[in-house]
Structure formats: C-alpha cells, structure tokens
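See the structures that follow.
One chain, chain A, appears in both complexes that follow, with chain B as partner in the first and chain C in the second.
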Partner chain A sequence: MSTGLEKQTPGEVTEDELEALIGDRALRRDDHLNAPGFVIRPDDVQDVLFDLRDEAGFDHLSCLTAQQYEDRYESIYHLKKYDDPTQEVSVVVPTSTTEPVSQTAEPVFRTADWHEREAFDLVGIDYEGHPDPRRILLPETWQGHPLSLDYDQEKPQIVTLSEHANPIQPDHHDEESDTMFLNVGPHHPATHGVLHVKTVLDGETVVDVDPDIGYLHRCEEQMCQQGTYRHQIMPYPDRWDYVSAGLLNEWAYARAAEDLADIEVPEYAQIIRTMGAELCRIASHMLALGTFCLDVYGDFTAVFQYAFRDREVVQDILEDLTGQRLMFNYFRLGGVAWDLPEPREEFLEKTRDFLDELPAKIDEYNDMVTSNEIFQVRCTDTGILEPEVAKSYGCTGPVARASGVDYDLRRDDPYGYYENLEWDVVTRDGCDNYARVLCRMQEVEESAKIIEQCLDLLEEWPEDERNIQANVPRTLKPDADTEVYRAVEGAKGELGIYIRSDGTDKPGRFKIRSPCYHNLSTLGVMTEGEYIPDLIASLGSLDIVLGEVDR
Partner chain B sequence: MIEVPLQQSDTVLLPERIGELTGLDQFGMAGELLAAFLAAFVVGNLMLAMTGVAGPWAKRKITAAFTDRIAVNRLGPAGLLIIVADSVRLLSKEIIIPENADRPAYDLAPIVVASSALLGFAVIPMGSGIHLADPEVGLAFVFAVAGIASIGLVMAGYASANKYSMLGGLRAVAQNVAYEIPLVITGMSVVIFAGSLRMSEIVAVQQETLVALGPVAIPAWFAIVNPFAFVLFLLANFAEVGRNPFDTPEAPTEIIAGYQTEYSSVYFVLIYLGEFLHIFLGGAIIATIFLGGPDGPGPESIGIVWFLVKIWGVFLLTQWLRSAVPRVRIDQLIEIGWKGLLVLAFANLILTAVIVGLIA
Partner chain C sequence: MSSDKPRQDIYESTVPSTDTRESRMGAGPDDRFNSKLREAFGSSPFILTKFDKFMNWVRGNSMFMLQFGIACCSIEMIHTYAIKHDLDRFGAGVPRASPRQADVMIVPGTIVSKFGPRMKRVYDQMPEPKFVVGMGSCTISGGPFQEGYNVVKGAEEIIPIDIHVPGCPPRPEALIYGVAKLQERIRNGETSPVVVKPYELEQFGDLPKDELVQKLADDIDEEDLVMRYNWADSP
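Then we have the complex of A and B:
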C-alpha cells in the first residue's frame, strides 16, 4: 500500500558528500538523533548555508534553535529539503558567553529574519548584519533575555507606552507626508486574536506592513522545560493552536519525545491517533473557512455559521473520543490515554454519519462560497505568494501547498499510520487567497478519506490486540545531550519540536517551531501594494492562531 | 393674504384630512401649520416605530433564520420585548466622546443622518390617505434629501478624529457619489414613463392594467413594464444605503465600523436609526416608483398595508444579501458604479426615451 501520490525523490546527499561540501569549515561533528550536525564558526554561517542551499539542495530552514550552555551560546539551524524532508542537516554555531555574536542567515533564508529576532529576544544572541535587530515577542524595553541562564525573573520590568510612528515617514520630502500610519489591532475584528499589524497606507493602498506579535506570549517553551517528559508536558501543546487542532499539536510533542526516548507506539494506537488528528484537521479547516468568509463577507454571515455548525459535529466526536472539547490531553508517550469510547459501534456509527454527510456539506460550501462570483473577484489574484518566496519564508501547510509547493510531512516524512492509507496531497498553483481556501476545502475531503479508512481498520481490529499504550518507564530520563528535532504536519503546517535532554526527567531545551509564525511573516510581501480589504483577506487566508504564533 | 396652494393634485393629503377632522382648518395659517405638524408627527412616528421593530428584533430574527440560529426569544412572545429592553439599554449607556473630536460637527452628524432620511417620507404616498405633501418635484425632493445623509457621514467620519472613521467617511462619499447618479438617472426613466415628478401621479399611472390574463389583471407597475430599470435601481439603492454587497463604508472586518466607530450611546442609536430609516426610505422609493406604491388587491383603504409589505420586502432582501453575499472591494465598488451601472443607467434612459417617444 502507498499514498496516492508518490513524489519523486531527488538525489540523496550522503554524509560523506556533506562533509566534503562543508570541508574545513566544520570544526567538529555534533550529530543529532534526526540529522548529522556540523559545528561551524560564527562568521561562516552565510557561507555554509549558501553552499548547503545551492549545492546540496537544503532549501528549507525549518527551524532555528538558540540556547545557552554553561560555557557557550549555541544557534542550531535545522535544514531540510522541501523535496524530501527526511534529508536533514543541522548546522550548529557556538558563540562565546561573553560576546555572543553570530553572523546572520537572513540573506540566505528570509525566514531567519524572525527566527533570529526571536533568538535574540529570548536567549540573547546577537546576529551580526541582521537587517532588523529588534525584539519580537517581548516589548522593546524589556531587560534581559528570559531563556538565558543568568536571567533574573524577579526583576521588575517597565513597559512604556510610546506612540507608534510611521516607519516610512522619512521617505517623504517634507512634513506633509502622503502616507497614513494605521494600527490594525491589537483590538480589531479581523486579526483573529491579539495581533497588531502596523500598517502604512497611501489612500486605500497598503505600502508597509509590520506584524507586531507577542501579545499572547505565555512562555510555553519555558513551561515545557519545567515539566517532566512523561506526563507534565502533554497538556501544553493543546494550548498552542488552541482552536481544535489540539491532537495535531500533541502529536508533535509525542513524536519528538518518542524518538528521543526510543519508544515504539503500538499500531492500534497509531490508527486512533491518525483518526483523531484528521478529525482535528477537519475542525481546524472548517474554522479557517468560516473565519476567512467572515473577513470577506463582512459580518457573522451564513457561511460562518454553517462552518461552525459542521465543526460542532466534529467537536462532539472528539469530545466522545477524548472527554474534552478544547484541551484534549489525549495522547500519551507511547500511545493514547484510552481506547475508543464504549459502546464502540455507536461511536463508529456517529463518525461514519458525519463522513456520509460531509460531501453534501462540501457541495453546499462550493455553491455558496467558492462559486460565488463576488467571492472570486475578491479572492483571486490577491495576496500572491510565489512558491520561491514561500520556501524562503519557510511556509508550510496549506499556505505553501496553495502556492504549488508539494510538501506534506504526512507523506514525505511518514509517521503514524499515514503511509498505509490511501489519500492524496492537495496542491494548487494559484498562489492567491482563493487557492488557499480551495486547498483547505479539498484537504477536508482528503482527511475524511483517511478517517474512513481508520474507522474500517478500528472496527475490524481483533479485540484482544487492541493495545493502546506501549510500555514506557514511569520516569523518562534520556541520555544527557541527546538532541532531536521532529516535526509533524499540523493543521497550519510543519509543527516541529526540538528537545535537548540534560540527563534529568525534564528537557534541557524545548523549542517549538510554529507554522503560523512562518506563515505570518509573509504578510508583508503578500499585501504590500494591495488594498486594505486584501490585507484583511490575506491575513485571514493565512489562517493564523496567535496562540501558536506567540507561544 | 394670498392662499398659496402647496399642491394642486386632487388627492386629499393627510394634513388636510387632520385639519378637517379636528376642525383646525378654521384657524387659517396657524391651524394648517398645526395640522401639518400633527400629520408629520404621525408619519414620523410610524417610521420610527418601524425601525424600532426592525433594529432590535426583526433584523436579528431574519438574520438568525438565514444563519441557522434562534436569536432573541427570552423576553415576551418571540422575544418581542427585547425592543423595550434594548431601548433602555442603549439610551442608558454612557456617551464617550473622543478628546479630539470636532465638537459641533461630531454632535450634528448623527442628527443629520437620521433626519435626512425621515424628511424623505414627507412626499411618499403610503396609501390609505397617508401622504404628507405632494409637491410637483416629489421625486427630485426625495433624492435630494436622501443625499443630505452623505454630508452627515462625512461629518461623522471627519469629526471623530479617528483614522478608521476617516476612511469610512471617505468611502461613504466615494460610494454615494458613484451610485447616486445611476440611481437618479434610472429614476428619470420612470419619470419619462409617468410624465411627471409628482409622486401621486407616478403611483396613479402604475395602477392601470397592463395586460389582463383572464381574471388576473397585471398592473402597469414599472417593475413589470421595465424590469431592467428595476434591477438597476435596486442595485444602486443597495449601494446608496450601504448594504451588502456594498457595505464598504462600514466594513466591520476592515475598518472596524467606518464613520460610526467613535459613536456610542444615543449618538450610536441615532446613526443606526438613520441607517434603518434609509433602508426603509429606499424601500419606499422602490415601492412608489416601481411597485405601484400602495397599489394591491383589495379595497383602496388598506393601501398602507400593501405599502408596508413592499417596504419590508425590500428590507428582507437587504438582510438576505447581508447574510449570503460577500462584500466587494472599494476599488471594485467604484468600478462597478462608474463603469457599469452608470453606463447601463444611461442606456436604459435613452432606450426608455426612444420607446416612449415611438409609442406616445
């Protein structure tokens, strides 16, 4: 059995070739569980990354992890290939404790812009040559770097309120500027949470966009570092992408931690996980559709309510399965919390009913939304995101797939039970808001296919082989200095977790790679030069959840 | 003293009837004035009562029906008492006035918006003898006073000292200018048919039978005579009252609430009242010049019922569109107005003129 679409795998780059490519610039090896790692000097960053991107084809800067050890700071560039994400390489850049300065990777990958800002903000590494070295999650006036070892939590912080200035005011010849600075948010009907978009307008045209994030920053990484692997971390992922994508997030942590502790998950539990995750994806995409229509239609209209009505059915099923509607906390390391609810037939029946009714509902959406001509003129050719730009910004998920980037971790880096099921990866080449909406709607259909197959498998599974949990030690203590970066296909894209163990039962460093964070960083290139309504529509089509952006 | 007749038609207007009934007509000018005030009071309150029902209750119920919800159902039968509760709530709220607001303009704007719409009802024949005035320039008068609202919107947008209000105000003007012209020109094609701007005559012309299909007589309503003009007018009207798909001046998800962003409490109520009155005025104009006014089956005395049914029909249509149709972008809106509707409106006018010229 295989997935419907087989992607052509490009020539694999062997470790020897990588070693030869990096050559003398590699000071030593620092291999991670998921990828070979090369330690390089801070002033070789751009050089090495350019070579890896252009010579070896590592075109996806998946994540940048910054951390502080007793004797050094470290930036880890986790590189992958969009064509084959199982090929990974880590570039480790140590810098001294006294003078943590490292070369910026921004000219190589645009996504390094926000990543390095975050690394500076939370850990305190300076990136030399960075075009915009500001804090990103914390306020500008914050003192200290919270994830650095010498950070004083008790120190009171003063956050001043200063008026936002028009960043391109100096571009104009005199005081009488032609542009107007407009704060879209943090309290605005269409920002989908607490997002502040500093916008500069020329009439109705958007000339400059700067998303200001961090309003929902809840120190999730640090909280995870204070929890034990076995039980205390799992509740947190539910709170990242909190609108019904909970199980997908939990899987990201489960996958990383299971790889770290070498836990084998029983097949039966994998099927339940796969089904639950796809239910979450449907719920999440329904919400995305509903809120996008809210942005385009203007009010709480029929489409929004219909989307919520249909999502409600999924929520009910998830509630039956997990006992919760929002914060599921259903996955466990090595399995899931409990088996399908009894009576099983009833649950299977209910889920099947939902799947049976789904095609008719999708048709209804197609009638009401996607074939509406006003909707089409509003959405086509607005919010253009070219494939190369999407890759450079590290976009993943429906946002990348709607730009023709054929990248889906469920197929390309298989986990769970996906590789044994028949389904397709949806890609569209419209690159615009319309393509993103269609992409999500088609993904709902694909998810339904997956769930249907899972239901069949679950129904026929012999009763005495329903093993939902592997044997996992009560206390997990992975070997010190084991590092792993693992990602799953979340509702919004590649949701990755980096964990470094320090020999205790809690992670030494826990880093979350949020797909929304990357997708949001493209807002500027997507909307500059377009009208305000398109800015709002494009923001909606990115389908961001601020809980995941800010973490 | 020379008697200057306000109108010359043979229809009996409401002020005269009130004058006769109360005996006020014996007191000359003063009596006439008082009777006119009384009549205006009746009509004004009828319209205000309608908006009172429409805003807090009917709109909620209608939208809920479109969107699979229940809406208000706790206070009174079918939630009708929410009207009382909402009135108390809205009127008892604190007025928050922005520090930099341009005071007289900021305070006047809601009044201008609400009163301009109310003024338009003066010349609308509502049937059952409810008709305040019937000047020779009736239709032009309605368009003129409805247009005053634009000034109110600009005042609101500018005086609020808020960038979103400013954008909303600018959009409102751009939209009203772009759509008022096709609106008036389409209205003119009706005038060509009727041969008069006087509302009572426009209504009277439509009461003739167009075709008789056995026992069913199809009246010569202009919507039936010239459906093309009817659709054009309907479209331009939606833009004029700022409702989906043309609600860009408010556009809650884009510019918060446009020109009304900074209005609270009573001012907010006034602006909202004005908007609903405008929808109803739009409905009244459509009913009068395209749907035969108070014309309908049954005795002439129930004309007001048919008239209200038609107005509410138009209101229902706006709510339907609001629930189901996306909003066009501001540039597309202007494009539709100037490049589409205006051209079509002129084409319609010329065609109508040619046809009427050939037949008559």
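Then we have the complex of A and C:
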C-alpha cells in the first residue's frame, strides 16, 4: 500500500548524498558489488541507521551479516527501500576480536532483534542494548559460536530437555496469575515441521508468544562455506525451502554467484529458469493452501488431497524437466543442466494441459475454500499484520503483499526473463489471514500466465540458438574480498544470499537471508490478544518452512 | 417416503454382484465367501495358527503411522500418504497426531542436536511394540549435512531403526517399498532389533564430572534430562 506519506520520500539517493548524510561518521568506504558500503564505529549504529531510514528512505533492513576476520568481527547491515529495492546501501560495523560489542539496531528496525540474536549465536558478536540477548538457533547450553574462526567442532555438547515439563506437574506458568503455559510443538501437526511455540494463555486468549526455532538448524551456511562455487553448493539451496521451491532457491545462489563471478546467462536458459521457477511457485503455493486448510478445517481428506493432486501434476512436469521430483539441482552457474526433455512437443503439451486445467481447479478451490462462509468467518480480521509493522519486521513475499506492501523483486529488481513478460504483482489490503490465502491463490494464476508465455517463447525459439549454458571456467576463483548481496523473489519472499570471496574456490562467508525467518518473527504481533485457534490459523497463513527458518 | 418403513429397494435381486463374483472366480467350491475371514483363509472353516503368529499378521496389516514431519522428506512422506501413492492401500496409512496412538514412526529428515532429545521423548511415548522407518540419507548418516556442527550423524544414534530407506529424498515408491518390507518383517515375527544406543536421555546430575559438566553445573538443574553429544566419537 503506497500511502501519500511514502510517495514524498526522496526518489534516487546518489552516493554523494549518502556520503554527505553519513558525513564524519563514515570511517572509510567498503563498497560491495551491489551497493556502496560505509564503515562506521560500533557506537554510531543507531544514529546512522535512523538517518538512513528517516532522511534517505532506506526502510528495509534486508539482512544482517555477521562474520569474523583474522583481526576483527564485522556486522554488515544490508539496507534497501521497499519502494525501490535496487537502491541499496551497506553499513559495515567492525568490532575488535577481544571485545566484540556493537550497538543494537533493534530500536530502528524490529527485525534486527532476531538477526542480532542469530549473529550472537553463530558468530559471537554481542549487541549492546539488545532487548533479548539469547541464543536463537542453537540450544541454550551450547558451548562456543560455531561460525567463529576458533570453534572446535569435535568438542562434546550437552543439550537439555527441561522445557518440556512433566505433564503431571501443574502447568501454571506463574503461580500468582491464572495464565497457563502451553507448548505448541516441536512435534505438532499444525507447526508445519519442528517449530516450538511457547505460548502463554489467559483462558482462550493468547497473552504471550515466543517462537522457539532451531530444531532444524542443519548448518546450511557452514555447508555452503565448505563447497566449491561451481558445483558443490548448488544442491544445498534445494534443501532450504524444501516445499518444491527448489528452483527458486537455486536461483538465489545462481544470481549471487553469477554477479560475483561476472557470468552472463544465455537468454534461452533464462526462459527455462523462469518457467521452472514459476512451476515451483505454483507447487509451493498449492502446499501452502492445502496445509492451511488442514490447520483451519482439520481436514485431511478433501482440500488437502485436492492440493496434493495438483502438486503431483506439477512435480511430474518438473521431474520431466529436471530429472528429480523434489531436489532438482537443475541450475548451473551460467545456465541450466540440460535442455527441455525430448520429445519437446510432448513436454510442452503436457505443461499446456496442466495450464489449461488450472482455471477450473482454481474455481474448485474457490468453491471449496474461499467462498465458504465458515472459512471466511474464521479467517477475516484474524492475524492482522499492519503494513508498517510488516515493513519494520522485514516481511516480504505474499505475507507483505497481503498487507498491501507492493514489493516483488521479480518486478522491482528484475532478473531472469520477467521484465519481458506480461504479468501483474498481486497485492491485497486485507492484512489478515484471508487476504494472505487469496494473495497466494491469485499468484498461482499469475505464475500460470508467466509459464504460458515462456512455453510460447521456448517453442518458437530458433533451433540454432538454444544455448543453455554460458562459458564458465572449470574452477571459479573470484577476486579476494569481493562482497555481494543479491536477492530473488522466492516462494515465501525475498531470498537473499551474501557471499564474500576469499580468493579460493570456496566462499569465505556465505549468509542466507531467509524470508520465512522474518515472516515468522511477526507471529507475536499478529496473535497476541487473539484466540488460540487464530494463532494456529495465523501460523498456517504465514506459510513457513522450517528448513528455511533454521537453515 | 417415511423413514420408519423398511426400504424394499435395497433387498432386490443381487444378481449383478453375484454375476461379477462368479465370473471372476470361475467354477469351484461354492459359498466360500460368506464371511470376510473365510475370504481371507480359504475354503476351510477352521484356522489353525499360533496366537503369536496371528497377532503378528494382524499387526503387520494394520499399522498406525505417527504424523511426524521433520524436514524435506516429510514432503515426500505426505505425498506417500496422499492420492496417487496412497499408502493406506497397504494397511499402513492412518497418520496419528499423537505418539500414544501410533505403532510406526517414520523419521523423515535431519536430526539436529536440539531436536534429538525431543525425538527420543516422542519415541518413548509410543506404546510397545513400536517400529521405526528411517527415511532418507540424513537418518542413515546425516546425509548431505553430515559435516555440520549441529547434525546428529544418523537417527540410529538416538533410537533403534528397523528399516532404512535411502535417498535424498526417497521417492514415495521407495518409502512404500520400505514400509512393505517392514510389514513383511513384522508378519514374520521380527521385532525391533536391539542396538547399542550411545545417547540416552539421562539426568544431568548422573553425568560423569568433566570440564563441560562442571561448566554447565550452574545453568542446569541436576534433575533435568539431558542428551550428551560426543561428536568426536560419532561415525
């Protein structure tokens, strides 16, 4: 939603203006490939970020990367604008190795809360003034910070089970009051994986919500830092957002690494990528719809199975294209692994058949789900997420767009073949659970439009120009200390990758900015004061994937 | 039609159904199919079997699965339950949300240190006899994440596993094959194998006093259950 107020924010901010704005507080410049970077002192963080947000309009803290060098720790705040994400600026905050303390950015951007907890947990930087300085991904009793340089992975660890109180003991959270403490998860059908929501209830009303994540923290960043650029990293993105959104995730890595190594992808490969990515988006949104209905209706039979019927069709098409049902590993740096399957006509026809049947299926969903009065009563005006709140929590994707934040990287920061195609960004003003469901269903239709145009292009593409792979050196070794942060529009929102090269064939630091992580952090504001069934519905409508939340 | 009168129309001739049955079975002993059990056991009206064997047969053909989603494999597991693959056809497709109602636990994904004790707790809550199918490479060795600082190198470090289904992720067909193999084993009377379980949940106070235990002594209540991970000893 673009209110009158936002339109007055200054448009393009030039580098000179930025330099003038930050002024003396910038110790030196440290430019990244995607954005100008300013190095500032650890006690100037809030000051500079307030200025950048209020004076220059950088209202989106996209990512916070923490890393350790031999001689210092470093936190990088990647800032963007919701109005124009191509305008970026990086704020680099170095701290000393002996005393890594930096000022918190939490008062400026709410999303910094979870970011800084993660930075503390994995790298070991302390943020002064942080409201809740606990570990977030690893257990409370963990020893050491695993992404710091001197961490010994072989050392034993002890993990407690104390959160799970004995069921026979009284479950009053606080003896003085009437509230009840309730664990939702980590093994619970409505948490979509292994999320643990610590909930405090007053009767049926939710008083306090504390999502406890990290039950699927599979060290994805470490895995990517151990792999070589060319082939060893690409399989991992599939496993971040594993709800068939594999190609969308692969694109995030491909985009970052291609920018880092300056690789130009052939146009034909871009069309195949665009088509594959949108098929993944459809599969992902189908699952979101199916599981949401499972949560709201408690219905394992009808809508859920309908959604899985349609996912099976998409997965068949993707299997024909990539050779895999779920973990595609289809993108390569500079292109894709192979061309469309032969016979090509058969593949195109199969995909077209799917697209032809899709409108009827969507009508079916509308009959069963969205036009159902009970469903509407359950979902409208529950789980309200105001646009300003969504922005300060760094929400993106359907969650932000259903709150009226008109932000879609496919259009605003074009990549692939999207800018040459006809399609619309879906936004809704409802800000509630119902709007989020509708937003996803309409995005399915838009994706179908994109795929249809891609199919036409692929069919008519000249035979001798079907080039699927650019020329890429066998061993990629980008120049040392090149840094890039690039994002694509994944199924759940802005999926960003930060890579710092250290001159070898493996990344020095690989940071994943996961959309689900930010979307999940809004659960508290969405549900506190509402009823407990609405908590489950809100959680379902956020459409989180724990593999991507925890990485 | 008023509902208190018997509906005559359903007592009409059964010719069509009998026809189908006869054409399917051909000529042979008649009246074999007057009960479900007869259908199952053939023409003899008697069943001679050991009770144990009968129980194993029953057990293998009516398995309640635990609805237990961890990671990527759970998506393929849902597809195995859902239409097209439909695990229910094999008498093994009723997902139960509570471990207290489940016979079989499919472990679909990577186990990390924080989740290990929870999985052990869920496993302990299942009633005997219980069976576990390990789905995917992560439950065998940690799979692609084996080198991770936080990843348990295979679910067998924590709970005993009857059937391993390899793949990353295994296709639904592979999972069905694994479940069918488990049914076969249960029918043959094999119960869960006894394995050495290096990681048990134990009280923190009972741990041998070493540097790490001393360090954590202030943070952890002696009565608290803990799981200890010795990464260096892991395979």
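General remarks:
One rule holds in what follows: the second predicted complex is superposed on the first by the 528 of 551 C-alpha atoms of A that agree within 3 Å, B and C clash if a C-alpha of one lies under 4 Å from a C-alpha of the other, contacts with A are read in each partner's own complex, and residues count from 1 in each chain.
The definition used in the following text is that a contact is a pair of C-beta atoms (placed from the backbone, for glycine too) under 8 Å apart; a residue touches a chain by one contact, two chains touch by 3 or more.
Everything numeric in this text was worked out from a predicted model, so none of it was measured.
Applying the stated contact rule after C-alpha superposition, one finds that A:Pro189 touches each of chain B and chain C. Applying the stated contact rule after C-alpha superposition, one finds that A:Pro139 touches chain C and leaves chain B untouched.
Legend: residue contacts after superposition of the two complexes on their common chain; A:Gly547 is shown touching chain C, with no touch to chain B. Judged by the touch definition given at the top, the superposed model places A:Tyr151 against chain C, while chain B stays out of reach.
Applying the stated contact rule after C-alpha superposition, one finds that A:Arg309 touches each of chain B and chain C.
Of the two partner chains, neither chain B nor chain C is touched by A:Ala480. In the superposed model, A:Met180 makes contact with chain B only, not with chain C. Once the two complexes are laid over each other on the shared chain, residue contacts for A:Ile536 go to chain B alone; chain C is not touched.
For chain A, the partner with contacts to more residues, out of chain B and chain C, is C.
Residues 188-189, 300, 304-305, 309 of chain A contact both chain B in one complex and chain C in the other. By the touch criterion stated above, chain C contacts chain A in their complex at residues 67-72, 74-76, 78-79, 82-84, 95, 97, 99, 109-110, 112-119, 121-122, 144-145, 147-151, 168-169, 171, 201, 204, 207, 212-213, 215-216, 219-221, 224-232.
Against chain C, the residues of chain A that register as touching in their complex are 138-141, 143, 146, 151, 153-162, 164, 186-189, 192-194, 214-220, 222-223, 226, 235-236, 239, 242-244, 287, 300, 304-305, 308-309, 311-312, 315, 325-327, 546-547. Those residues of chain B that touch chain A in the complex are listed here as 63, 66-69, 163-164, 167, 244-245, 247-248, 251-256, 322-332. On the chain A side of its complex with chain B, the touching residues are 180, 182, 188-190, 204, 293-302, 304-306, 309, 368, 372, 374-375, 377-378, 531-534, 536.
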